[in-house]
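Right after this note come the structures.
What follows is chain A paired twice: with chain B in the first complex and chain C in the second.
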Partner chain A sequence: MSTPDPTSAMEQFAATFREEAADLLTDVETTLLALETSPDDPDLIARAFRALHTIKGSSAMFGFTDITTFAHALETTFDEVRKGNIAVTPALVSLALQGKDLIRSMLDGSGADTKEACAEVIHALREMDVAAQPPAPAAPRVSAPRPPDPPAVAKTYRVAFQPQADLLKDGTNPLGLWTELLELGSGEVVATTDQIPPLHDLVPDACYVAWDAVLTTQKDEAALRDVFLFVEDRGALTITLADDGESDTEDDKKLGQILIERGSIRPEQLQAALAAQPRLGTILTVGGTVAPDQVAAALAEQRVTRQARAERAAGAPVDAAASVRVAADKLDDLVDLVGELVIAQSRLTQVAASRDDLELVAIAEDVERLTADLRDNTLNLRMVPIGSTFNRFKRLVRDLSTELGKQIDLVTDGAETELDKTVIERLGDPLVHIIRNSCDHGIESPADREASGKPPTGTVRLAAYQSGPNVIIEIHDDGAGLDVEAIREKAIARGLMAADASLSEGELFQLVFLAGFSTAKSVSVVSGRGVGMDVVKRSIDALRGTVELKSKRGAGTTLRIKLPLTLAIIDGLLVSVGTGRYVLPMSLVEECVEISRAQVEEARGAHLVPVRGELVPYMRLREWFHEEGEQPLVEQIAIASTEGRRFGFAVDDVIGQHQTVIKTMGRMYGDTEGLAGATILGDGTVALIVDVAGVIRNAIPAGPPPS
Partner chain B sequence: MLLKLHDKLTIASADELKATLVAALDGGGDILLDATAVEQIDLTGLQLLFAAHKTAVRNGKTFAFAEGAASEVIDLAALRAGFARDADDSNTSLWLRRSHEHA
Partner chain C sequence: MSRTILVVDDSLSMRQMVSHTLEQAGYAVKAAVNGREGLEVAQANAVDLVVTDVNMPEMDGIALVRALRAEPNHRYTPILVLTTESTDTKKAEGKAAGATGWLVKPFSPDQLLKVVTKVLP
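== the complex of A and B ==
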């Protein structure tokens, strides 16, 4: 290993910090949005506070002083919230969300003029603080920057807290402290209760209790100390290491040893007690050497330590999730390699089949099985739950409803549904657009809604679920729905359909996805905001997905997006045209039919093929790709179905189903019309993957559908 | 006597709880608690119950939850606050740690 370069090491830490901070900010956002619905939830408040606190600490360590200062201001406000001095209001949540966005742009280094915006937010926060209570005496607390958590070894700590008697008077809840502490790991709390006086002498709001806790945790001492951040100066806190997590074979510490280490007794007292007999705890207690509470605390320590050691010995995961962060491009490389392996393996299978060697065939079969497993596992690594993007939409809907003066709830379902990372990333923008549409044009104003007998609050429902090899995403709003008549008029005016043509509702709705169909006034669901539904459609096409629209006037609109689980490998239909090999995505192909030379001549140049009584338009891939060679007497036509209509591709021969590892083509071919990529076949030749939707779009230039 | 506890045993009503307990203890008999209505308890409540128990036991009286009238809220708070104890020989604790739940 080479000597680490201090600069690059620092940069690496900073990069880690950015990643972690980004996660924390997402957490802050989720928490804030949740707080809006349940503003009194102390867990949520504590969570927001902790996240902000951590951002502050680690940003200080990596020299992001702007962030530190700003996060400190936010943290201070949430401290007040935590103490109950400031109530959680929508205004506070808005402000905090704004603050969160500012921190994000500071992290990205994208916002040049964050300074002014920060100052504004800080000012607004201060006003809130002042409005809530007289100036707090506490000087800004600068907490020591906390180093990133060391590799997780669970250690056992003793935490002792002896509060002042007036701890409870300002509403501090020590029970909450211990609950919070125990959340950091596993452990036990023992209260020293011998200072509680007889009932008649007891002052109800005085604190008579001191605590000893034993905690096994992967967190460091600073994290433990943070729990007591606000009571640190209200009592004596000591945290000591009881078990360093190194040993798991050593015998349990004897109760006596623990008592001595804890300073509860002196060694000679122990010796004297040991001279007598039965249970040490009982003897020491009865003998008056040690208070029962101290023995109880020591026993708790013995239990917790013993358990922690047992878990280490058993190799059981202690608390925290065992996960590893990996750069996305490393995963992409891995998927590429696996793709190559799949190709090499299919060549091996082919070669093995052509030789009369049973041993080789057996090996090839093994390799095939292993490769399939490897492929599935690798693709699984790239799967992430779609829920991470849902949060973003919660925020979007919230902002939009304020902006538009509407009341809109976003309900999400199936956040755990997993999709390929790339798909999720590229799905973001279309979904934003769709949801924007639903809020803007779908959901009516509260007054309109009440007038039509609906609850004033509209609902946008975002649901994801898996269905076979696809993931379905549905965006439903209970708004006004599409105006079918308006679409029809618009379509006739634009010459997209004859005035007397009778199109089904489904066919009419498909028109919404045509480029340029969107003018804001004509149809409620089509946005006037630049990007039209055609762009949404195109993005989904690029993901090899399909969009379907359903709507009922007055009852709402549902958009249904169907996406493949992964982009890396598809099931393809391998066909041949002349000397070329082509792959059509199996998900789009409905059936294959034959057409003879005689039938072609009968149609007199019209490219239409009868399929069970229906005429389906088709085109020859031979012509599209300028393949040489003679057209066979009998052609095969693969009928694809997309955008609600059927379209055929005439090819020379259908070879069969093919597990297609998709290779993107170089930049030079990026714009080639009608190609979605390429793949390498078992024999090493290249086959091109046909962009079915793209070809159809070009073959039928936005004309009326066949009627 | 059977003593019915209110829904909130918190600092806001600590004086009231103390008065109730003092009156009950001064009555001189055994006290059984009905805690079924308790929804919330904080450290002040725990301290008061603890002190009352201690005082009653010292006077040779019973101070305990009536059969079937204990409260999960109180049990949980006592556990979190570290008030729960293993049963010892004298068996005097108001809150007994569920034996060997960590074993």
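== the complex of A and C ==
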């Protein structure tokens, strides 16, 4: 959905608050320590007070109520200090320091039980306060949810506001008040303008107008009063009930009756006017008994009341909720069902195409279009912005830089990029790992950085953006970069590559993702990079993503993660081998080439195919999956690219692109090598989805083959 | 043309929350970290509404309201004061200085937007 989830935005602010509060606490600590040496410095006292006050205010905003209560107690004490009622003593300072530590553990959520300690500190503070002043009020008001309104009946109110002349002087816009009032229901406003003086007497920013409104609303009188919250002291507001919304038997009120109820005329005046008949309003106005505006206001009331009754009779419309919270399971079920629907629809399309029935084809096309829209909308429901995940890392980088004694800035970009909820959830841990590595082993110490002519503060850049059906996440650091030679030596030492093999830089970098590489935990730039990178790689593989590593010695390292937008549906390349059908993820397939029997024989058993001047290794899906039958004279090879190298899959035939709804395999087949799942084709047959990365890993067990 | 709101608060999280909420609602937002900076921004820019915290270093919110009312350009600019105290003294102080309205912390994004629409001309 395009509207961002408000809860996740709030979580982001809460994360910022945590960081900010941590800073403020550090500030509080410094200030307190300074106060110990100069206990009378008013600037220091004000600073401590302000920091505590900010912590209190913001913690309440972002739902840290325990902190709010506690910070309030501390703030109250410092308020007394500020006023000179309490002196700064070493006891007060150490109590405040203790309090500061407590707030910090509440922030981290680490302190298992801070309640008792808090209570003790509050108690001690109170005792100091008592010496100076009566006890502080218990806790600030923390937004109590309003009790649900009782089932509302639309009532009609008269709202009159007679402002003072200075109403406009503080920027109040009276028009806004009435617009706001009318938004509460339906009604009319009439301005009384007879007090406006001739132009030469007029003061431009004085208010001469009074207003009368009649409003039919389901809201109560308090809600109406709320509209005038900021101006209640700048005028006289009267709200009276004109119609209680229930007495339907009563006839419409006559104008005269309304005027009397509103206090515009007295009953005797009405009687006198009625005696002279024609139209009451005209008579009263012409006779000067009431101002035209007042009659207009009364007529407005009559209209509004009439309309309210009419609506009541017709059954008035009720406001619907703007958003709904849904359990994630229900969404998953919906996505599953839509997946089934996509399958059924493609069968329909296939059947329709085989019959010579234009009507059926037209229906099939409609269904296809609707299904596509439904699918996109459904998948969209699960999309959430990646920003909340990003914010976690700000804290991580902060903490790491303190821990490691480095200066590191985290820059994020593209926080609004949306990804499937499941993908985001499973992405957190690998990202933590990568960022940890970047800070720990990528960014150098400030001294080293300055020595190599870089600014002392290192930057880790975390960026996300969408690129076609994929989301790209890049983690870049401007640190030392990888040492290619050291990787080579280590790979040889670990038996991951032959000593005489010549690998490209890209291929060498891919080695750090191999499991064998990660066992070493020495502290050199390179070995550190390897820690757990195989785990990262596996997590990204499981998300059907790819990881690429680029690095330049001395300039930094970039990890590029490419992820599919969603896990439920992929674009696949449908191929056939014998009687079997297989799907290769389209995102990995670069191109398809042909290889003839003659070429195969020429290669004398080496599984290599020339592609644009490069020899690319390939394997036959027929052999991998033990499909029966002979390979055709001309085979098709789908060239897949993953982990910076290319690999071919020889198949009998390429059928074409196929939108694939992924079904996970049952428990029995869960561990089958080389299979990522299955899908059902339009004609009802099953096709298996090839786990491209898995097959390649198995086909080439120890790194890329020597070329 | 979207209207410009100046947000003045020394707390980063508050500034972010308020700015984000207003931006989401389609307003253009300028931010300042204290009253003095807020005044400078207001002097240099056309601002349709000022939302300011009270307790800030350098120049507090009440002083900012007074200073803005002394500016010919901002004599009638609506000003909302964000206060932590629900007590009437702070509101009265803000009102007396010339603030248009106030909002008591903690408030929700919805409450903020409601009050903003209330005072925007």
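Rule of thumb we're sticking to: the second predicted complex is superposed on the first by the 356 of 707 C-alpha atoms of A that agree within 3 Å, B and C clash if a C-alpha of one lies under 4 Å from a C-alpha of the other, contacts with A are read in each partner's own complex, and residues count from 1 in each chain.
In this text, contacts are C-beta pairs under 8 Å (C-beta built on N, C-alpha and C of every residue); 3 or more make two chains touch, one makes a residue touch a chain.
Values in this document were obtained by computation on a predicted structure and should not be read as measured data.
When the two structures are aligned on the shared chain, A:Asp205 is found in touch with chain B and with chain C.
Once the two complexes are overlaid on the shared chain, A:Met61 sits against chain C while remaining clear of chain B. Of the two partner chains placed by superposition, only chain C is touched by A:Asp233; chain B is not.
Legend: residue contacts after superposition of the two complexes on their common chain; A:Asn173 is shown touching both chain B and chain C.
By the document's definition of touching, of the two partners only chain B reaches A:Pro197; chain C does not. Legend: residue contacts after superposition of the two complexes on their common chain; A:Glu188 is shown touching chain B, with no touch to chain C.
When the shared chain is aligned, no partner comes close enough to touch A:Gly495: not chain B, not chain C.
With both structures placed on the common chain, the touch criterion links A:Pro610 to neither chain B nor chain C. Overlaid on A, the two complexes show chain B and chain C touching the same residues of chain A, namely 168, 171, 173, 175, 205. Only residues 4, 6, 9-10, 12-14, 16-17, 19-20, 47, 50, 53-54, 56-58, 60-62, 140-143, 168-173, 175-177, 180, 205, 227, 229-230, 233 of chain A touch chain C when the two sit together in their complex.
Chain A contributes residues 168, 171, 173-175, 178-179, 182, 188-191, 193, 196-200, 202, 204-205, 207-209, 211-213, 282, 285, 292, 296, 299, 303-304, 307 to its touches with chain B in the complex.
Those residues of chain B that touch chain A in the complex are listed here as 11, 14-15, 17-18, 21-22, 25, 42-44, 47-48, 50-52, 54-55, 58, 77, 80-83, 85-86, 88-89, 102. Of all residues in chain C, only 10-14, 16-17, 20, 24, 53, 55-57, 69, 75-79, 84-86, 95, 98-102, 104-109, 117-121 touch chain A in the complex they form.
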